[in-house]
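In the two complexes below, subunit A is the common chain; its partner is subunit B in one and subunit C in the other.
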Partner chain A sequence: MTLDWLDAFLITGLFEVVMVIGLALLLHLQLGLARIANFGVVGFWGIGMYVFGVLYVQVDWPFGEPWQFLACAAAATVVAGLAGLLVGWLVADLDTDGVLVGTLGFATAVQILATTQDDLTGGARGMGGLGFPYDIGRVKDNEFLWLVLVTAVVGAILLYVWRVHRSPYGRLLIAVGSNEPLARSLGKPTFRTKLWLFAVASAAMGFLGAMYGVMVRFLDVGNLGVGVTLAAMVGLVLGGTARVWGAVVGVVLTVGLFDIVIQSYLPLPREWYTQAIPVLREAAFGLTLMVVLLFRPLGLLGDMRRDRLMGKIHGR
Partner chain B sequence: MSETAGPSVLEVEGLRSGYHGVTVLKGLDFCVGPEIFAVLGANGAGKTTLLATLARLIPLMAGTIRFQGEDVSALPPYDTAGRGVGYVPQEKGVFPDLTVLENLSVGGMIGRRSRDERMAEVLALFPDLRALQAQPAGTLSGGESRMVACGRALMQDPRVLLLDEPTAGLSPLYVDMFFDKIREIHETRGVAIVLAEQNATKALQVADRVMVLSLGQAYAVVDAAELTTQQLKEGYRI
Partner chain C sequence: MVADVVRAAAGPRIHVRGAVKSFSGRVVVNVEDLVLGDRPIEGLIGPNGAGKTTLMRMIMHSTSLDRGRVSLLPPGGGEVVLSSLPAHRMARHGVVKSNQVIMDFDKLTIWDSLLLAVAESRYEQPQRILSERTVFARHEAEIRRHLDFFGFGDPSAFAMSAGEKKLLDIVRCLLLKPTFLLLDEPTAGLPDDLTEKVMTVVRELAATGTTVVIVEHDLNVIWNLCDEVHFMAEGSVILRGDPQSIREHRTVVEKYLGEGHV
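Presenting the complex of A and B:
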């Protein structure tokens, strides 16, 4: 199969869109169901990316691909999950403001660590030397296969989130988010529930970070800014924080519009892509967030449509 | 102090609790048997604080709470609930984002009997909820919300049910219905009930014993039939 018809920029843009959809879906579990305002998405994603990168590049592994990738990605996932456990333990009992500041602080700490520990991470110079765990020919072919794989991973996340919505665990998350003292009085260990959610979501974010590292093959601390969190947050809020498909629709309309339509198909001056577009992107995302929160706080897809679902479950 | 008719379900000794260092309950001693135990008192007497403390949502400053002989003073609220303490707060007693059926299901996550069996019992007790099953609880009226909150607590199969002013702000029709239901729950399910109420007349009609709470202290703990108007007035500081 030849991929000549496929633009390399389109593959990269689609990868970005799919990855952010994955992050927004995980954020949906935290923010949409349990009302945990995690503003440190990029921190967990970044930990996964850098732990993967450091292990992949700095460690002399006794085995080749794909085991090297699998070992490094597994370690990145575990470390991101442990970071989620630690951050969750610190902030789970705080109010929304506390969670927001705590997670934002964590993400900043990750960025500072990645920048200052340049013996390990390459610091501001960045870190190269990453590669795909396979070689099927041209770079574009490898990238396309990686896009397919990340789509499968995000598909699995979507399926998991879908099932959570329809499970007692999902109802527990909503209960904890909407009235935590009441949930506690009903025999629910709410702190443990939030902690577990933090750990699982963070681990998955870390895995997506590792996959991103492979796709770009060069780790840049500039990626650890607020952009990734903002993209996931804006997409989710635009689509609807309470809806499973909210993350998908919102991210397609924001990241998809900017990273594919504008960057790939609009005839803009070349210098805009490196200077104006990234700034414009974050400004537009911030503006979108404000407009949606002011005029359509439930997002484009609105509130949960649970009545129809309940009717199906109970055969009415 | 009057004695319980049967073995104590709840025993409270020297209970002190409050919020942010401010002591609201100033050393309470009482026990609750298999009965309806009304806690009466004016606004600010400490009724809500007492029930939230018994549900272990507020930490104790001093004293002990024993539930069926076991000291639960240091247990987290979810462990206390798991042992059979059901709690219906005065406000925010439902999960607004969940439907009525989901609210009841969440209550049924603990308990040994089949959830369907308990659900059928709750819907038989509150038949009005049948038509509202798919409706988000946040859209219910005050009376409907109280029914859901009460049904949710009953889904836990509690041994003791803590009801915090279940009829506050409800229409007279709902008030009568609720007091009938409280009596029915106690008689048919054998659940001990601690009922915090301002409506002394109604509470005394269903209660077996009563504690009059005044500024965080037990002014009187007597059989409901023996409570005098004078005791009530002095307890309410009228």
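Presenting the complex of A and C:
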């Protein structure tokens, strides 16, 4: 396979875009349907990444690839899901402010733990030793294949979310977000519903974290800052929290525009790349969030159209 | 005129004992001992602020009790302590309530709202994302029967008017197949023909063994429909009897109806 036409920087940028689309889609289930403002996305993603990394590097596995990757990724997914269950249990019945503070606090705790438990995680020094579960040639080839695989995973998440909109489960999530006491009066276990939503979405976020760990092959606690949550949140809000394609459109227009077009194709001064660009990125995303919430709070794609959807699948 | 519903079998009853609820130090409900459901259709009337809606909410456990106990007494015997159950478990025991204030899911269409009410919990799991057709096929006929009866328009649209939302609330309750149905001002804001339809449905339900308790300010509904009426004032049920005797009772006239009504 000749990938000379493909810039290595572009592969990393595309991976970032696709991964954030995946996170934004999962956040869409929580925020867009069930109205749960999860500001701890990076915490669940980070748990997945670090559990994967620690198990992959620190444990002497009796079998080789791809089983080592699969075992570690499965463990990372389960642990992230359990973390979601625990956080969900603590915050699911709180109001929006409580959920926001609780999830943000959880993400901070994950970052602090990853930094302080340096005998396991490498702490601020970071941790190397991760690799692809295959070797098809050059690094660029391996990275490209990994990009294809994460695209397939995120495609599956997109398909799942699309189906959720057309299922009794999706309707239940919307009902919980729209009028929880009324949903309860219809016999719906709203607390349990939110709990499972937290668990399932967090597990998938953890899996994406593990995939990211493989892509970068070096775990850095700097990745556990607010950047990932902000990227998923801003992308989703810009596209439209209530629409399936909102996550895709919004993330392409934010992360895609900034991480690929601006960083790759604009003639920015060299010295900006180390310090200034990450800060500019967060500032630009924050500004986008404010502008969207002020002038188009439902995002570019607008509100969900259940009337159109129901008319299409069930008729009049 | 009293309905004189003849029911096929005795229905469930609800027993309220020593139930107290205060808001900001003011006692809103203080019911010593009350059994609802001795007769198929019972009414609960009283002036505004008497505590009727709060009592209904306490029965449903959507408002917690300061103290006391609310139990469901099924016709076959036994007792289910409703006041120790979470609110979402009420419907499973057949205890269902319509809402006084209009409540709706603003993001859901009429189809959605009714399919939500009927969908069994096994189809509402994160892994059951292909079960929409099954749920629709199982319940379409039943939902359409209700929609046709009440004259709903396009069910793929949102409920728009207050009356439509009120009816939707009632239909959701009916789809839950209640054995004990509490209706809190079910006909408020409805035109006469729809009020009549609601009364017809209530009579049919009662005839098949469902116990119905109605809170209503439209007293024609109470006098025409109920076999027994409870009169509530200042947080307590102070009188019960057949509609005629309640209607003419001195206390009810003084505290609620006024001389002109008699």
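The criterion applied here is as follows: the second predicted complex is superposed on the first by the 314 of 316 C-alpha atoms of A that agree within 3 Å, B and C clash if a C-alpha of one lies under 4 Å from a C-alpha of the other, contacts with A are read in each partner's own complex, and residues count from 1 in each chain.
The rule we apply is simple: contacts are C-beta pairs under 8 Å (C-beta built on N, C-alpha and C of every residue); 3 or more make two chains touch, one makes a residue touch a chain.
Values in this document were obtained by computation on a predicted structure and should not be read as measured data.
Chemist: After the alignment on subunit A, I want to confirm one thing: do subunit B and subunit C clash, or do they fit together?
Modeler: clash
Chemist: See if subunit A has more residues touched by subunit B or by subunit C, and give me that chain.
Modeler: Ranking subunit B and subunit C by residues of subunit A touched puts C first.
Chemist: Pick one for A:Lys188: touches subunit B only (first), subunit C only (second), both, or neither.
Modeler: A:Lys188 contacts both subunit B and subunit C.
Chemist: Does the superposition put A:Val200 against subunit B (first), subunit C (second), both, or neither?
Modeler: second
Chemist: Could you look at A:Gly177 and tell me whether it touches subunit B, subunit C, both or neither (first, second, both, neither)?
Modeler: both
Chemist: Tell me which partner A:Thr274 touches in the superposition: subunit B (first), subunit C (second), both or neither.
Modeler: Neither subunit B nor subunit C is touched by A:Thr274.
Chemist: For A:Ser167, using the defined touch cut-off, is the partner it touches subunit B, subunit C, both, or neither? Pick first, second, both or neither.
Modeler: Second partner only, subunit C.
Chemist: Determine where on subunit A the residues touched by subunit B overlap those touched by subunit C, and list them.
Modeler: Common interface on subunit A, subunit B vs subunit C: 168, 171-172, 174-175, 177-179, 181-190, 242, 304, 306-307, 310-311, 314, 316.
Chemist: Please output the residues of subunit A touching subunit B within their complex, sorted ascending.
Modeler: Residue list for subunit A touching subunit B: 168, 171-172, 174-175, 177-179, 181-190, 242, 304, 306-307, 310-311, 314, 316.
Chemist: Name, in rising order, each residue of subunit B that touches subunit A in their complex.
Modeler: On the subunit B side, the touching residues are 55, 57, 76-79, 81-82, 87, 89, 92-99, 101-102, 105-107, 109-110, 133-136, 152-153, 156.
Chemist: Which bits of subunit C are touching subunit A when the two form their complex?
Modeler: These residues of subunit C touch subunit A: 60, 62, 86-92, 96-97, 99, 103-109, 111-112, 115-117, 119, 121, 123-126, 128-132, 135-136, 140, 154-158, 172, 176.
Chemist: Touching residues of subunit A toward subunit C in the complex: what are they?
Modeler: Counting only subunit A, the residues touching subunit C are 160, 163-164, 166-172, 174-175, 177-179, 181-190, 193, 196-197, 200, 242, 303-304, 306-307, 310-311, 313-316.
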